[in-house]
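What follows is chain A paired twice: with chain B in the first complex and chain C in the second.
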Partner chain A sequence: MKFILFALKNLLRNKIRTLLTVLSIAVSVTVLFSLLSFTKGYEKGMTSELGKMGYQIMIVPRGCPYEAASLALSGGKIPNYFDYSVLEEVKKIPEVEIAAPFFMSAIIRPDEDRTDIYFGMDENMFQMKKYWNIKGSYFKDENSLIMGGDAAYIEQTDEPGQKFYVREKDREFVVTGILERTGTKDDGFFFIPLKAAQEMFGQKDRVTGIAIRVKDPTLIPTVVEQLEKLPDSQVITMSQLMGTMMNLVAQAKTLILSIIIIAIIISALGALNTVLMSVFERTKEIGVMRAMGAGREHVFQLVWVETLVMALISGILGIGIALIGMGLVEKIIKKLLPLAPQGSVVSFDPNTLLICLGFVILVGLVAGIYPAYRASKLKPIEAIRTE
Partner chain B sequence: MENNKHAIYGEGLTRIFQRGSEKLYALRGVDFQISPGEIVSIVGRSGCGKTTLLNMVGCLDTLSEGTLYIGNTEVSRLKEKDLIKVRRENIGFVFQLFYLIPTLTAYENALLPLLFARRLDKKEKVKEIFQKVGLGERLNMLPSELDGGDMQRIAIARALVNEPKIILADEPTGRLESKSKEKIFGLFKKLAEDGLAIIIATHDLGLASRADRMIRLKDGMVVN
Partner chain C sequence: MKRFLKSKKIILILTVVLAIYFPLSTFAAVCVFRFPDRDVYKLYPKATNYKSVIKKVEKETKEKCEAFLGKPLDSDETELTFYEIYKGKELIGMIHPHAERGEYGTIEVVWAFTLDGKIIDFTIQRDREKKGKELNGPDFRKQFGGKDLNSPFVLENTKEINTKLLKPVQEADKGSSAIAYGAKKTLTFYKYLFQEVK
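Here is the complex of A and B:
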């Protein structure tokens, strides 16, 4: 028989009390583990999404960074426009490899609770989307349309060649291609030729933004510097954008983390209380153990191990619950988060597991010290006294 | 001084407890010796100092005054840490209320002292001791499944595993019915024949008078 087994049996004495303590620690650990997994997954999702965009810089008409950011990631109606002169300026910058103008706008159908995003683009943008797998082909003429994977699913369009009618604008397109799902916002868009978009939304020769690919990523700062001289425009680099997103998430994370820390401290105090009570209940036993040759260190160790075992069980339980509930957390977060990347936002990471386990061990060690100390201080003769 | 003959040799044993501002003499200059193989009973009214005397000679507590030898070791001036060692090597305790750990089986209870002494290599001995104290094969039963007599046997087995030279029993039969009482006393007799020194504090004069020697305490002093 080992100390640890002895400790375990002690914990099983008051099963309800131990269970409640274990649950309270486990819940904190579940939340902690989920939060950490989410942040990791979110970072991964954002990085891969931004990586797939095929460009490193975008310029848009002046607006707040959040709006710009949301534009880049989620699409939407942009109220301000550039004309082509800006595009010419951008093309003059020697380090720019491709400058792709685009026109993005939305048609909202409140009755159907849907917003269709139309993304007008030309071959330059197509160049950047080299990773696209199109079933069918690129635009053939001004009436061509390419559907994102999800958009096609909603429209129940599975073969190119079908017609697509936009009733608000009385405009008919022919679907030339359907995108295989990319795991980005592209999946939800309707891609049409730039000219068609400008016409359809009545903004001839104007664009809502320009996506820029630089010849070499190290040149990004140089290009940004030159772009910033352009009037009424705002430069967004993808890394910046990611930074903004991550900042928003980080702020929320800090808040949630502080709540979790408080929850954990409370559950640690609960554990301390549970073990302390069980020490008091076992005063006589502890005295007898001392009489049988147990040193202070044995008693200390025993009580400490008990707390630690309890914390460990809680941690494993908490992480288990978090792992089982990962899918659910994913769904909830995606609902709450306005700018969630399309891919998974919750990811399992062994480091997160280690962090949570380490944390819970720390809680056990700290919460166990005081009760263990009290137990080890019990004087055998006082403990055993019957009157 | 040399103490070759006695398992315990104590002179002028005194223990003073502080009760508020008052001094309470639980033991007042008691001389006490016991030889290997001897059974000594300690009698006296409740509060006369029996338990205190057992605690003193059992090194559970430190003397206020006096000299005490356990075997050849003078323990009266030892520190707590060294007392634990002396206790572990020499003394087995048996209590009126058994004080078994309810979550552990009979066998595991008896094993505990070996765990503390880091001598789990000797655990085979536990079975032998179970035979000797008359528990036979009842190794895996929980204390709650046994009667008082058997619980006290487990406690005695537990006191024996570290191979002590002295058994200190504080009212060991106080909670037992007369048949069990007899058997437990018989067991002590047997252990004494094996050379253990046995001290039994008891209320039961009938039992006490069957010891080799009886010591009567009153207000912390020996009376004749």
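Here is the complex of A and C:
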């Protein structure tokens, strides 16, 4: 304890220099902690969101499969369609539990700063969305509409029975149900009967995708094999989609991590320089200590503890800043990332905290070795003579 | 000197904390003014600048507004953004964007009014009404010009339009009433958040 207090006193001798060093390490720790928290949070959010989809396989029209799949997940105008008859082929596969066709399209109004996403579906999709809590009821007729939780909030629609009008298509609907918030993209959609969607967008008997739930998840490869034989369509499994997204995140993570490591090395060199300077300034003092009976190991320990204390303070400060700024980081990421899950994308994890603290302590220990060694090697008489 | 240094440290810490929290608070602010650079100059052709003012609706103000309107405020009406409109350095008027449910969905209206609380004009920035064009047309809009809280253009304790004072757009009674009630609400907010505070 005495060593720590002594080390603290020494560090406070040149406050500005210490503060700048602490800040430089703290900033690196902040970025490291935020990055690790984001990766954890993103994976958690994505797993939860894909789990909530209620299906394991999706068939989309030929084209870029991931573009279509990401549009189906995040909402948007899918430009390709396939014939409704594909559904009959899918239903013939014995391992398929539910096959739900859907039609998704969007109406963009730039002069009103909004994009309305319409999701046409039938009762099969409801079977998959068992977790949905609807205030009101399922579609009653072709003019029924179910509003996602956020859409209903924006439209100030709090009770079923209220009217809804699509000006561009001159189509009137009656809200039969309001979806309780799910924490997924569903919250922003307008759900309408499949036939109504096909008619409204002039694509009779065509769909933009089919969502498939398999009776037993171990049968997914067998089903995929059979689905791949279908014409003009491409098969995507949710695990493939998850893998692709996580790969994209991993690539970005590697790049950012490399930059952080360089920043940490620079900070560690800064810490080494700070302590080394402090050792040079105290050469005489160290000489007196040695002359009064302090051993080399005492001097080594003292200087090493100084670096360690500095690193530890930086680590705590860096993590503190990251925790305070977590909300902000989350908002920025969600703005920048096109396919961020609806829930939290930055997750606090005690393990991440321990990893960051451990890492910064390690940096402190390594950076402190050389100055501590130099200090312990000083000869008392020569050190006292130093001007 | 020590005290001065201490207070400097406190200011430094506060600055850092504020710098971290300031972007969060602006993110959180309720702002439905979607095209300020277009609509400010449309409603105030002589305007040269504008400044946003965020007002918190405290409990007492909320009660006053609700008593005046005879209706409860919406649950999200806890923080409101007004825009002060300037011509050079002179404050020439106010703008407040306000949303009410019409017949088919939300109607977002941007209200322009004088410093003494008289409506100048409005523009609809978002709506789903069948008669949206007419509701945003000059015939309906000009009826609001010069009206203030003393003009009973909304029937007392209702959201209904007073047809003796304002002629609703044909086949759009609900939409017309929603806009009129929005005007009354906007002027009520202005009264209790600006005029009566002075």
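We adopt the following convention: the second predicted complex is superposed on the first by the 381 of 387 C-alpha atoms of A that agree within 3 Å, B and C clash if a C-alpha of one lies under 4 Å from a C-alpha of the other, contacts with A are read in each partner's own complex, and residues count from 1 in each chain.
The rule we apply is simple: contacts are C-beta pairs under 8 Å (C-beta built on N, C-alpha and C of every residue); 3 or more make two chains touch, one makes a residue touch a chain.
All values reported here derive from a predicted model rather than from experimental measurement.
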Room on chain A for both chain B and chain C (clash or fit): fit
Touching partner for A:141 - first (chain B), second (chain C), both, neither: neither
Partner chain(s) touched by A:232 [first = chain B, second = chain C, both, neither]: neither
First, second, both or neither for A:113, with chain B first and chain C second: second
Partner chain in contact with A:6 - chain B first, chain C second, else both or neither: first
Partner chain(s) touched by A:167 [first = chain B, second = chain C, both, neither]: second
First (chain B), second (chain C), both or neither touched by A:384: first
First (chain B), second (chain C), both or neither touched by A:216: neither
Chain A-centred angle between chain C and chain B, computed on Cα centres after superposition, in steps of 10 °: 110
Dominant contact partner of chain A by residue count, chain C or chain B: B
Closest approach of chain C to chain B (Cα atoms, Å): 17
Chain A residues within the chain B interface of the complex: 1, 3, 6, 9-10, 12-13, 284-285, 287-295, 298, 379-381, 384-386
In the complex with chain A, residue positions of chain B that touch it: 51, 55, 58, 60-61, 81, 84, 87-88, 93, 95-97, 99, 101-104, 108, 111-113, 115-117, 158-159, 162
Touch list for chain C against partner chain A, complex: 17, 20-21, 23-24, 27, 34-35, 74, 99-101, 103-106, 125-126, 128-130, 132
Parts of chain A lying in touch with chain C, wherever the complex brings them together: 112-114, 154-157, 162-167, 172, 321, 324-325, 327-328, 331
